[in-house]
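Note that the chains take the letters A, B, C and D in the order they are written out, and that residue 1 is the start of every chain.
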Amino acid sequence: MDAAAAAYFLGGAGDEITLRANERAWRSIGWLPRVLSTPTQVDISTTLLGQRWPTPWLVAPMAHLRLAHPEAELGAALASAVQGAGFVLSTQATVPLEAVADAVRAEPQRGPLWFQLYPYGGREDWWRLAQRAQRAGYEAIVLTVDAPLQWPSAREQDAGFALPPDWPQPNLPAAAPRGTLETLLGCALRWDDVAWLRRRLELPLVLKGVLHPDDARRICDHNLGDALIVSNHGGRVLDGLPATAQALPAVLAAVDGRRCVLVDGGLRCAADAVKALALGADAVLVGRPVVQALAQDGARGVARFWRHWRDAFQATLALLGCASPHETRSVTLIPMTD
Amino acid sequence: MDAAAAAYFLGGAGDEITLRANERAWRSIGWLPRVLSTPTQVDISTTLLGQRWPTPWLVAPMAHLRLAHPEAELGAALASAVQGAGFVLSTQATVPLEAVADAVRAEPQRGPLWFQLYPYGGREDWWRLAQRAQRAGYEAIVLTVDAPLQWPSAREQDAGFALPPDWPQPNLPAAAPRGTLETLLGCALRWDDVAWLRRRLELPLVLKGVLHPDDARRICDHNLGDALIVSNHGGRVLDGLPATAQALPAVLAAVDGRRCVLVDGGLRCAADAVKALALGADAVLVGRPVVQALAQDGARGVARFWRHWRDAFQATLALLGCASPHETRSVTLIPMTD
Amino acid sequence: MDAAAAAYFLGGAGDEITLRANERAWRSIGWLPRVLSTPTQVDISTTLLGQRWPTPWLVAPMAHLRLAHPEAELGAALASAVQGAGFVLSTQATVPLEAVADAVRAEPQRGPLWFQLYPYGGREDWWRLAQRAQRAGYEAIVLTVDAPLQWPSAREQDAGFALPPDWPQPNLPAAAPRGTLETLLGCALRWDDVAWLRRRLELPLVLKGVLHPDDARRICDHNLGDALIVSNHGGRVLDGLPATAQALPAVLAAVDGRRCVLVDGGLRCAADAVKALALGADAVLVGRPVVQALAQDGARGVARFWRHWRDAFQATLALLGCASPHETRSVTLIPMTD
Amino acid sequence: MDAAAAAYFLGGAGDEITLRANERAWRSIGWLPRVLSTPTQVDISTTLLGQRWPTPWLVAPMAHLRLAHPEAELGAALASAVQGAGFVLSTQATVPLEAVADAVRAEPQRGPLWFQLYPYGGREDWWRLAQRAQRAGYEAIVLTVDAPLQWPSAREQDAGFALPPDWPQPNLPAAAPRGTLETLLGCALRWDDVAWLRRRLELPLVLKGVLHPDDARRICDHNLGDALIVSNHGGRVLDGLPATAQALPAVLAAVDGRRCVLVDGGLRCAADAVKALALGADAVLVGRPVVQALAQDGARGVARFWRHWRDAFQATLALLGCASPHETRSVTLIPMTD
């Protein structure tokens, strides 16, 4: 992975305060387990959107994985499936969504396979793309609601990052919106668009990028989605957003068990995932660490990454005296300074 | 910009605790916006002292800009006017105040043009200078109230900074006060001086350097000014003053809408300006970043600086779901640690 | 001590947050002594498990000390005994437990001699090992309850640490458990195992690794041990556990004088030990600093280390106006930031 | 000043947490002054022990100043006197106390001249020394109560610091106590010793090293001194003591105006002194900065140091709107983070 690609994958918006806060927030959570209560077995399988899956984690949707390694989204998805991890394919993937679905769905021990939708073009464009994903076998549509605008980060600008010419974007529903701010604002997704998509869609709808408890409450009250992902887009869109570990509890309180709640942002080791579940999340998404594993060794790197993650996750559960992810909810959490 | 000039422009008083605190205080403010509420347009025009201007920001008054670039105050003022930013000319400018006014006033999209007055000499000296500024077309007098004494910072002393001989000071009303502390204290501006000037002045009066809510209250109660600027002089006069982002809320509460309130100090990016407005300020002043842009590329540097600032400001407003600066006041602000 | 051994001895689990927190927590405790109350004598002898000993400190049980110095556990134990410090021999010592006991017990001024038991194999294996320790003259069995699972730290992995082939482990009751997580979980110690051992054991039983006040209360209420050690295993097993200085007060409150309470983790100088006693602990255990002294100069290094420790401990007590460890409990403690 | 001397002068006890805390505590105090209230004059003269002096500061008693510069205590005392600063001569000075008094007393603008007494030997030894100081013209006896024991700091040990052979100690009342801890404890000063000295002494008695409000209350209630110095001995004796800026308010509250209260430790610039007075201290003592000035340029360095200090002190008072040290007590102080 060259310096420009690293700037693209690892950087964040503004002064990267949110980016750093994401990571630090998980570390600032500690625990006070009971001793002599080790479970005899640890079962980490998890129910998401009504189905049972081998693990409570998925790869977060990330654009342009080909920049990290030629095996790209196909390699990352396949390796994750083999290791029981779910996968969310980005609209901006460099592989046709059908190719990824074909490879993953055959895997017997795989996790969920979801498609992330960016609302490029008009409503009918999104609709066609969602249908295409459904036909290919994706099991949910993930609508990203926190990124109506995006622009290059300071790191990317400094590193001179740009997509190579003729870069493959086989899933883009229409030309990406360009031009003035007003054009961009005109294309932005709004609540009525979500309601419109929700009514037409057969697949479960997952809203990604919720931080404010009032937004979470609205989604539940008006049945605008089946699940939501507490996310600040990995600190890539607007700096100054709270760390997701910090925002999660209020969202969970607002949802109050009415929807499935996932979280992403700054999770760097299996213990962070345990903390997210202990706070009450149903599952987590992992972004940049997967890119780094992919960049290092393609699909093999990703498989190795998830294997270690799973081992550490199970061991951590055992040390906390928990036989399942759900039992982590009764672990005493404490603030921790470093 | 050589090392001695950099020491002059970038340094601060004492241990520079206030200087650092200014910057950090804006970063320690985060926000929790609502999603799916992107405005279709963003209008950043702003009313200040009863007039409508294209943007809510001005260049803070700064002495000796010629040390940064030969285009000096003229270049900075012109480039700012073209980009819709206001400009406050310092008494210690190196260009005659008339020359700056002539260049700026022609600009159709310009921001406000104000003149900052240092009370050198006696009352009649200030009065003549204020009249000269009014005749030249300045739209307000900015009286700096936080700097009765000034002396070289440790950085300046270490770098051996000194003004070159025959340095142009075409606006100084009288010889700058010199000599013993007592002489200096004798010249210091006091409340009755402000009242005296206020009575005679036709132009609006802006008091710069207010931090204590009781001072703000006094200004409103006794009608001693039309606007006030929450400022600690960029940490250049007395170290240990609070960051302006920290002092602002109490001043706003004391003013309670009776006067226009601006703020400066440590604003380094457009998001900081958004935070100032979200806290309730009507507009902001920006100091050192403008000097740095000027030093890099003269008027062109300043124009580029303000263009990026405006783009980022508008995009940030859009991401926060705000169609105007005023709407930022309903954004939920949160503390943020870095 | 080569880099790989240093990684083994000095590293910790995960991101080493607990490891660092342990040390920092003692430093964040300050005191506000009374002046002009210097005692005329300082007596640091201490009662532990009903017997009087010259000092309130012991060497914490640590595996594989031979990696630090060829004098290994024998050297460390002998030097500590000469200096009046207690010694807890680890199950994973590289010297037969009888050899250590024979050397230490002859020392007239020695501290307590305890044996730390890891529950390898089945109940009968532990039982046999405990009996062997009793026959050899150990005065208590220390059962470690916080480490049902262990794996190499990141530091160890990076440094390529591995035990040399044919490494001596003369006290292991059975082959160390290996294989799948389930096998390991099957071997883990649980409350009923402790009760079983407690009933059969003549020697006092010390439970090492208690952090949660509810666990401490349970031990007292059900008489499951004679003493407990507040410990997070020096941050080596599960990262995210609280610093022991932070966990200690709640455990002491739960125990409420019913059992002897010791503490270890991050104690780096005699003043830290004074703070532990001032908080209410009866004695402390010291780990890594002893290894470092051993690595530097074998038994001589350890003896010198304890001599300085004792001198500094006595002087600190005198400066605090305390004639004995017990009197430290009335020193005013304050929070201290660094 | 060579590295070993620097280690002696600048180092502190233990991990130097108190040493650092002293400095940081003054910096963590900010202020929120009123504007437009500049006094026309600033008068910094101060009453101490019933007499008027030109400034509210003294040089703290420090041993062995000859190690910093051959002009030693004589140079430091004379330069301070010329600049209106007081001087406290240490028992461990390298110049006969009479020589210092003879030089200083002639100075018309001088500050107070006090003698610091270490209780070496027995009561009669101290008594003789106190009488000798009185005869020489010292105006108060400063009894140091916070250092019954002292030993080399880690910095000194690392730097191999030792006093040169035949080092002059012309004021030591008796051989410095040596030998076992018990011998040292036997010589320690206690409350009844203070009462004994107080009864016999004609000169005012100042107790140096008070931190606990209960000790301050006892001194006032039982009339054991005329003044007290809030001090932790510059962090040189016992690490973990609170910063003096932190301890000062509670001591002032306990004294409640009944005695004169001074403070030292970590004051590094005139603004720190203003903060001490604003908190309510009557005067301050300055240690290490004076040594550094002496080391740089002997008496001239010290004179220059105090001249800058006085200028900055007056200017700071003026910027705070205060015409005298006493008026600083009504400045609003605020917490400040750096």
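Everything that follows uses one rule, which is that a residue touches a chain if its C-beta (ideal position, glycine included) is under 8 Å from a C-beta of that chain, and two chains touch if they have at least 3 such contacts.
Everything numeric in this text was worked out from a predicted model, so none of it was measured.
K.L.:
When every step has to jump to a touching chain, what is the lowest number of steps that links chain B to chain C?
P.N.:
Between chain B and chain C, the shortest chain-hopping route counts 2.
K.L.:
Which chains sit in contact with both members of the pair chain A and chain B?
P.N.:
Under the touch definition, chain A and chain B have no mutual neighbours whatsoever.
K.L.:
Based on mean C-alpha positions, I'd like to know which chain lies farthest from chain C.
P.N.:
B
K.L.:
So, what's the distance in Å between the C-alpha centres of chain D and chain A?
P.N.:
61
K.L.:
Taking each chain's centre as the mean of its CA atoms, how far is chain A from chain C in angstrom?
P.N.:
Centre separation, chain A to chain C: 43 Å.
K.L.:
Where does chain D touch two or more other chains at once, residue-wise?
P.N.:
none
K.L.:
Name the touching chain pairs, would you?
P.N.:
All touching pairs, sorted by chain label, are A-B, A-C, B-D, C-D.
K.L.:
Quick one: in the complex, what on chain C touches chain A?
P.N.:
14-15, 17-18, 20-21, 145-146, 148-149, 151, 181-182, 185-186, 188-191, 193-194, 209-212, 214-215, 237-242, 247
K.L.:
Can you list the residues on chain A that touch chain C in the complex?
P.N.:
Residues 27, 29-42, 269, 271, 275, 311, 314-316, 318-320, 332, 334, 336-338 of chain A touch chain C in their complex.
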